[in-house]
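Okay, here's the structure, questions in a sec.
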């Protein structure tokens, strides 16, 4: 029996792996010490658990444990990295470069810096969602202090060439931050061989708990930051606040499992994704958004032409997915990521993000395909645009009266 | 660890078993991102809003005044830095005994064009009248005085301070991390502009806290990007911890009165015995948290004593958990004018709902033995 | 997004969905909105010799509330004269469907569709 709705939104958040939950439970029961308590055994055992988790997180990404700083999540990590580095290097320059398709955690942080008087460049991407290295190079200025580019895009799953971008930044002495919230357990990351100074991680996108993340801060060559949360001096003074031991243990276990199981898990998920893609490709006038080759295995982002996104979401409520359209807001703004790809607004409006994961089955993806076929057909039957297309009129050539 | 008595409840309180039960579904079969529009997301959103209502009801605030954060330190930082960033530089006055997560941001503002002033305290740890007058005379934009101190347990007269500060045109914030759940504490009744709460001091999980905030204030967020918490605190909500926070807040209020009475009796008995054994009890004679005992024996190093006590089966604190990693004496005792030699002897016993009368009795006996041993060691080494 | 039962009913069971033949007697068409805005409504009315709307059809590209608004309007205009149809206000549509504030624009679009269809009829039939 299928359990409905079927969860195909693993990039929004993942369930906590039951093995991770089991690892967390002792720290929610008898082991309750504050890892900062240096005066008794409750504190010491908590501190030891925190350090073991730090090793597990570091091991997944080829870092040293002392390069890992705990935060409340990737959003905080992005804020700490970008503001922290920009503030530390404010005398070197006040220009920051990022990409139009970044997560809001990065974009809003850069906007914040603009309000503080920094200059910012938001790079366009190519039609496939990837950063053009020449465009990046041209955007760098003598006063550029920080570049931030995500490893894996949350909406379209494309993998940015961070090695090449990092090399350019290194050459110019610019701090390079990478948001890897969507990447851990999905692509191999080896910070020993990547010219990256700062990298953000999240637990809850990799089968760990919410409310915990980490920031990688390179030691050689050393990346310097100004702390954003002060007081107490936890995490080498870079991030104060009582460490939530159970969540940290959960993140450590989740990342340990990712390291052990990635090699087996990814081909399985890729096969399911390809099965989903094959099924959806049977529907007329559908378009995959973003590069299919430089892309994580679990993501599929498809636009269904001549069908509006929110009504499609409503029709397929038996599958839990994300719409590229933020229709629930009054602004009716289509996804800024898809717009940055140059997708026409109506295709951006009708995009659906499917993200598969550890617990997805073939039965579930097959169900999704059948549901989509039926509902897209129904909505197209209702669509005046589809009617035009059937009559040989391209709606794009029609003069629409804008309200 | 079963044989070790936990006397460090001000550092972190054990998670309440009923709170844990409420949280576990959110670490298991229930999951979802509260920003998602599908069923998983809506369920998560509903759980978070219920938690917000529970916290609000427990502290006499409106749900819309509760901004969830990752904990007390973040909430303190958000208030001080966020409000400051939304104003033109002016004055900021905070008590000299604040938690570092208030003191350090205030000092940082002092380096960024603000006039930062630390309000001194009396020998008993209460806000000093003259220092308070001086602080207000500077017409500060931001004033922060904690409701109760984490080390000494000293309770400030926050309602009176808030009224005066607000009459003088300041935003008045109070760090209530230690006070909430231990004292009668009501956001509106106290007349506060803002306040800080933490889940893990009241039997909730670490990783959740809140800034209570008058909705007319629009601080610049510390963590941007995503629009959560009315745009004041971005990041995917930690639903399990927030659910736990909501339950813990409700329970803390329900149990508070009886617990406070019970713990105050234990505290008074213990302190009488400590005084008889020659200890100095800090801040004796002023209103303090019912669960906190802070003392020193002259000539006995606090760290050494805590270490002995740990081996004797009692987990105590020496000063606050956060600052114990740092060398030097407690900034709180320094502000109270406690002589450095005595301050180095500081030991904190903080109790909670699992503390039993018998544990206090055996503790006092173990303490007497440890003190004697350390005195003998000192005598030998001299 | 939670939808009212009224919206869900019209969305699940749209009334009068479809199109009339272009050459059918008395048919006029109103097309409003734009794909880029996420809503396009096509409302067709079939007007009898007595000037009363005999029948109506719609096709809508848009969210559930937009589909429901246009479906409802096809029911409401039937049996009305053109002037009576023009008196239908978006606020009535919004109320009937219990639309939340962010969806009021759907009812506005439905009202516009009526106006556009009536205008088309009058243009075709030389009434001005």
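Going by the order they are written in, the chains are A, B and C; count residues from 1 in each one.
Please note the rule applied: contacts are C-beta pairs under 8 Å (C-beta built on N, C-alpha and C of every residue); 3 or more make two chains touch, one makes a residue touch a chain.
Since this is a predicted model, take the numbers as computed values, not measurements.
Most remote chain with respect to chain B, judged by CA-atom centres, is C. Among the chains present, the centre nearest to the common Cα mean is that of A. Chain centres here are Cα means. That of chain B falls 61 Å from that of chain C.
Separation between the centroids of chain A and chain B, computed from CA atoms only, is 34 Å. If each chain is reduced to the centroid of its CA atoms, chain A and chain C end up 41 Å from each other. Counting partner chains per residue, chain B has residues 37 touching two or more of them.
Shown for chain C are the residues that touch two or more other chains, namely 1. Among the residues of chain A, those touching two or more other chains are numbered 328. Only residues 1, 3, 11, 14, 17, 19, 31-42, 59-64, 66-67, 101-102, 105, 109, 112 of chain C touch chain A when the two sit together in their complex. By the touch criterion given at the top, residues 306-311, 314, 325, 327-330, 332, 334, 344-346, 349, 381-387, 395, 400-403 of chain A touch chain C in their complex. Taken together, the chain B residues at the contact with chain A in this complex read 1-2, 4, 6, 8, 11-15, 17, 20, 23-24, 27-29, 31-33, 35-41, 70-74, 76-77, 99-105, 108, 198, 200, 205-208, 220-227, 234-241, 303, 306-307, 310, 315-318, 321-326. Residues of chain A that touch chain B in their complex: 5, 7, 9, 12-16, 18, 21, 24-25, 28-34, 36-43, 45, 72-76, 78-79, 103-109, 111-112, 202, 204, 209-212, 228-234, 240-247, 250, 313, 317, 320-323, 328.
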